[in-house]
Amino acid sequence: MEYTRQEMMAIATGREFKDGELAIFGVGLSMLAGFFAQRNHAPNLMAFTEGGVYGSTPIGGLPWGIEDNRISANAVSFTGAIDALGFLVASGRVDNAVIGAAEVDKFGNVNTTGIWAPGTEPWRVGKYTLPRVRLNGSGGANEIAVGAKKYLLMVTHEKKRFSEKVAYISSPGYLDGGNAREKYGFPGGGPSAMITTLGILRPDPVTKEFILTGYYPFASIEEIKENTGWDLKVAPDVQVIPEPTAQELENLRAVDVTGSLRKK
Amino acid sequence: MNKSKLITMKEAVDKYTYDGMYFAHGGALPVGSDCISFFREMVKAGRKDIDIASNCNTQGTNLLAAVGGLKRMEVGFSGLEVYGFANGLKRAVESGQTILEDYSNGSMPIRMMAGALNWPFVPMFMNTGCDQQWASADDPENYPNTKKIPEITDPFTGKVCGAFTPIKPDVAAIHVTMADIYGNAIMLGTEWCRYELSRCSKKVILCADKIVDTGVMKQFPNLVRIPYVVVDAVVYAPYGVWPACSTGLYDSDEEHMFYMNKMLKTEEGTQEYLQAFGQYDDVWDYVDMIGKERIDKISATETAFLMDPYRQWIKTDAEIKELLERR
Amino acid sequence: MNKSKLITMKEAVDKYTYDGMYFAHGGALPVGSDCISFFREMVKAGRKDIDIASNCNTQGTNLLAAVGGLKRMEVGFSGLEVYGFANGLKRAVESGQTILEDYSNGSMPIRMMAGALNWPFVPMFMNTGCDQQWASADDPENYPNTKKIPEITDPFTGKVCGAFTPIKPDVAAIHVTMADIYGNAIMLGTEWCRYELSRCSKKVILCADKIVDTGVMKQFPNLVRIPYVVVDAVVYAPYGVWPACSTGLYDSDEEHMFYMNKMLKTEEGTQEYLQAFGQYDDVWDYVDMIGKERIDKISATETAFLMDPYRQWIKTDAEIKELLERR
Amino acid sequence: MEYTRQEMMAIATGREFKDGELAIFGVGLSMLAGFFAQRNHAPNLMAFTEGGVYGSTPIGGLPWGIEDNRISANAVSFTGAIDALGFLVASGRVDNAVIGAAEVDKFGNVNTTGIWAPGTEPWRVGKYTLPRVRLNGSGGANEIAVGAKKYLLMVTHEKKRFSEKVAYISSPGYLDGGNAREKYGFPGGGPSAMITTLGILRPDPVTKEFILTGYYPFASIEEIKENTGWDLKVAPDVQVIPEPTAQELENLRAVDVTGSLRKK
């Protein structure tokens, strides 16, 4: 079967959503994965966006933003950001969500804020220097990281994106690992998986270090280790993740009408 | 409620905005519902040293940053969503011209709500245990920072959370779908932080895609989330969100979103962009500049049916001109 | 959003309410928009030891207190506005049967919002420096009380304000003007605390004067302040606010408001009232009990025009019966 | 001219509202006084209610409550309680308001919560005993007391209602007098006047004790002192308050269509 790595990642992400869950989707890949799940196996997934758009499905292609008319055209309710991100997400009510990341580390912390020259990261130099490249900041991902019962990290699997320690924590994962989140009283449970373009990493239940638990048919453990910036542990029961079924691909492509994931 | 607050865009910028002000804008969304044409008018007027409280960056803040008018910005999200990084803002931040103080999309509107409530601080779990708390662009030498979002202990449980400062801007410009001349407004689409923003700002200017008769407010009072009592001025701003979208009226102009952002990447490009899209006298001129072809294209929106219940109350351009002249 | 949540009033009370629960109701207004018929059903079911978070007393809490079912109530206002003191509640409080913990009409909804946000506490200037802070019915020996609303110091300015506990009820019954079978709801008239209440409660039951098709939600999504995602059950509750008013549908029944309150003044009167107005099987029976004459009178409301945009989506009784049977 | 004491009180209260002010009205007397002012001399008074009803005037008689259809029939906006009482009132934005009171004291503190047998008041016995008579509690008056720039107290002038110290402070006036409010950081300025059925008392600028500054043509200083529960001081420039003009009475009665104030 023909499919791209992006499509495999979107489908693997979508598989993590169960029917009936309350879920918030961001834009782009994350939204495609979510609406794929709704179409494929979770018809009662209750999806909403950061701005408080409820009960809608995209029309006319991938929305350009979470308030784009493409996602507003058939909504049943519009509220606001405090409702969506405050009452439902940061409060601990949301069951599942997806965060995209420019950089993650072995404890699932996410950086979407900036790229610093190696050695000049704020935590290393004890000073908030300007990033070499300014990225987009956290958006609503911080609320998801703090409040969602569980959430998924979607990341392109490249060494520069999988660091021992991120330059800047835009959205907290397990911080320094173990029970470190407890200190901050976060209502949410932390990231449940990293779904990458090569496989799936899940946190060790105790240390919270992310370990390899599955890889796609086209990838290998070796390739994944090579593309990970920390000494990646491999789960004893690591598995090959089933490739997309014909039905999954059909449903994904029905959502991805403009074919944004089919570009290799 | 019998005094008209309708003024022109130029009058609003002349009267209510000034160099160095603490400004806020709303929707404050990259792709929809921000008062982009108000930013264009501020750029025309050469406003500078602006300090902005922003839920999200938009083409408005992107433009103001690109011309060097943005001194500082507190923000939850600084990109343009699927349209990419905001090149004007990115350039201003990377060069050190604009101080960017990071929060998140949930904490910014709650800080606005805290400003509206006139609370001294607001306690949250958001933005703690991470670099929004530890890194402060206002106070970069102090890392991890303990003053930007200090810890506070819950007196009931002993739990620790973060204490945030409230936001109380000097001036806010807020995009609304419809407003009457008294300042009652209806928004279609997500409010994002516009409701809270209309309550926390010292001065509030509405930028309305449509000016409507007050009859629509009396028919749909539950839709009037911004009542006249909190509004200082109403501006007729047709296609004021362009090239982003206004739910019910027009879609985002994909081509122009990319083009504008590409031009803002450099100073030269920015000047070229302003030559092409910053030279108009009034809103009628502005609409001509966008051009009929583009307007027809973006107006063919799947959300158009959302406007159906309100069309009978919409004022024509001729009526609006008369309302402005009659003052 | 394809599972119907429509159940009968009796089913809702059987399934979601229980003795000793922490309950909340909304509108929670003395004269309008509370789920009075839900309280009648709870009284029929003999629910007792109820702990209530209430913005204001209504004829619902007045009735529950009158039959001795109200153990405790946190409240902002315990009267019936121009209709006078709430005799049932007053009697229960003065006899020591009901513990009444006082707050105010502003602090109660903010405590609900804090519950919705899952904050550990919420800081306010309201209710401090006065007996809402110093007097606690829960802890009467400790006066001035320092635990009900402890002081907290703003880390930015050193100012002192009060810290309040958030409200997170087990169950809330919320009156809405219209709901669809999935739980999307439109309120006409002031929301009071209903929006916050729908977000802070563990279970939410909507009591809707009208069941409507989802088409109305898609036409007016900005009016849908309570979306299906936070709702557990939808109950068809025609004239459910009677004898108080439901904006757009019926006025308050002045005669019955006074009569009911007069009867609740004594135990005997309360029993007599329940004999006359607590003996019906279902909502259709309940409507018959109110009677056509009374319904015609209260339905001649000056606010009726507010319903005009929505009439085409209203389900008939026959359709509602079918929706209930089809489950 | 024929008018009742209630009408005089309502008109005297209405005279305190200026054009263009942002004002919140409660039910009953307070609402009549406010809408009288709007009709009589303050057409641009911006009135709203506790529940967030904006821009309306009563229809068909005195509203039974602040959310009654009589006040909702011609509104331009409906929001909610946090908006009205939080964003506009407790925050310090409202210019003027009226509070009714069952009992007031010499520093303008208000009791609307209960009546205790003399000697059993909570502050006296150091214990929150049950009131002999339970009243209505504070409602939104506490937010007005805390936040309004200034506000008026409307009270029937009887000795039992004008105490040295109220049994229970439902809405704080000047507390123990002087600068006592400062300790609590209240955004509002405190009560500017007590408008009674006999005259007007205003706070001394320094001590904040309420003193008699005016009395109605039908009342006397002596009558007022006799009906006040503390040793009432009289302002050196105490004045007779002008009786209602014909126009004032006409406007008041146009608002009070059911004649609730005309009952003697």
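When the chains are written out, they are named A, B, C and D in that same order, and each has its own residue count from 1.
As a working rule, a residue touches a chain if its C-beta (ideal position, glycine included) is under 8 Å from a C-beta of that chain, and two chains touch if they have at least 3 such contacts.
Remember, it's a predicted structure, so these values are computed and weren't measured experimentally.
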item	value
Intersection of the contact lists for subunit A and subunit B	C
Subunit D and subunit A - chains in contact with each	B, C
Identified repeat of the A-B interface (over half of residue pairs identical), from A-C, C-D or B-D	C-D
Selected interface, C-D versus B-D, where C-beta contact pairs are more numerous	C-D
Most widely separated chain from subunit C, with each centre as the mean of CA atoms	A
Where subunit A and subunit C are represented by their mean Cα positions, the distance between them in whole Å	40
Between subunit C and subunit B, distance of the C-alpha-averaged centres to the nearest whole Å	37
Gap in Å, rounded to a whole number, between the CA centres of subunit D and subunit C	28
Junction residues of subunit B - those touching two or more other chains	110, 117-118, 120, 124-125, 159, 161, 188-189, 191, 221-222, 225
Subunit A: positions in contact with at least two other chains	72, 78-79, 86, 90, 147, 185, 187
Topology of the chain contact graph, where touching chains are joined (line, ring, star, complete, other)	other
Those chain pairs that satisfy the touch definition	A-B, A-C, B-C, B-D, C-D
Subunit C-facing residues of subunit A, complex	22, 43-44, 46, 48, 54-55, 72, 74-79, 83, 86-88, 90-92, 147, 185, 187
Parts of subunit B lying in touch with subunit D, wherever the complex brings them together	1-3, 116-118, 120, 182, 184, 199-200, 214, 217-218, 221-222, 224-230
Partner subunit B, residues of subunit C touching it in the complex	110, 117-125, 150-152, 154-157, 159, 161, 163, 165, 186-189, 191, 219-223, 225, 305-306, 308-309
Complex interface listing, subunit B residues touching subunit A	27, 29-33, 55-56, 75-83, 85, 89-90, 93-94, 96, 100, 102, 104-110, 113, 124-132, 134-137, 140-141, 143, 145, 159-161, 188-196, 245, 247, 251-252, 254, 257, 301-303
Touching residues on subunit A, where the partner in the complex is subunit B	27-28, 49-53, 59-60, 62-70, 72-73, 78-82, 85-86, 89-90, 109, 113, 122-123, 125-143, 145-147, 168-172, 175, 180-181, 183-187
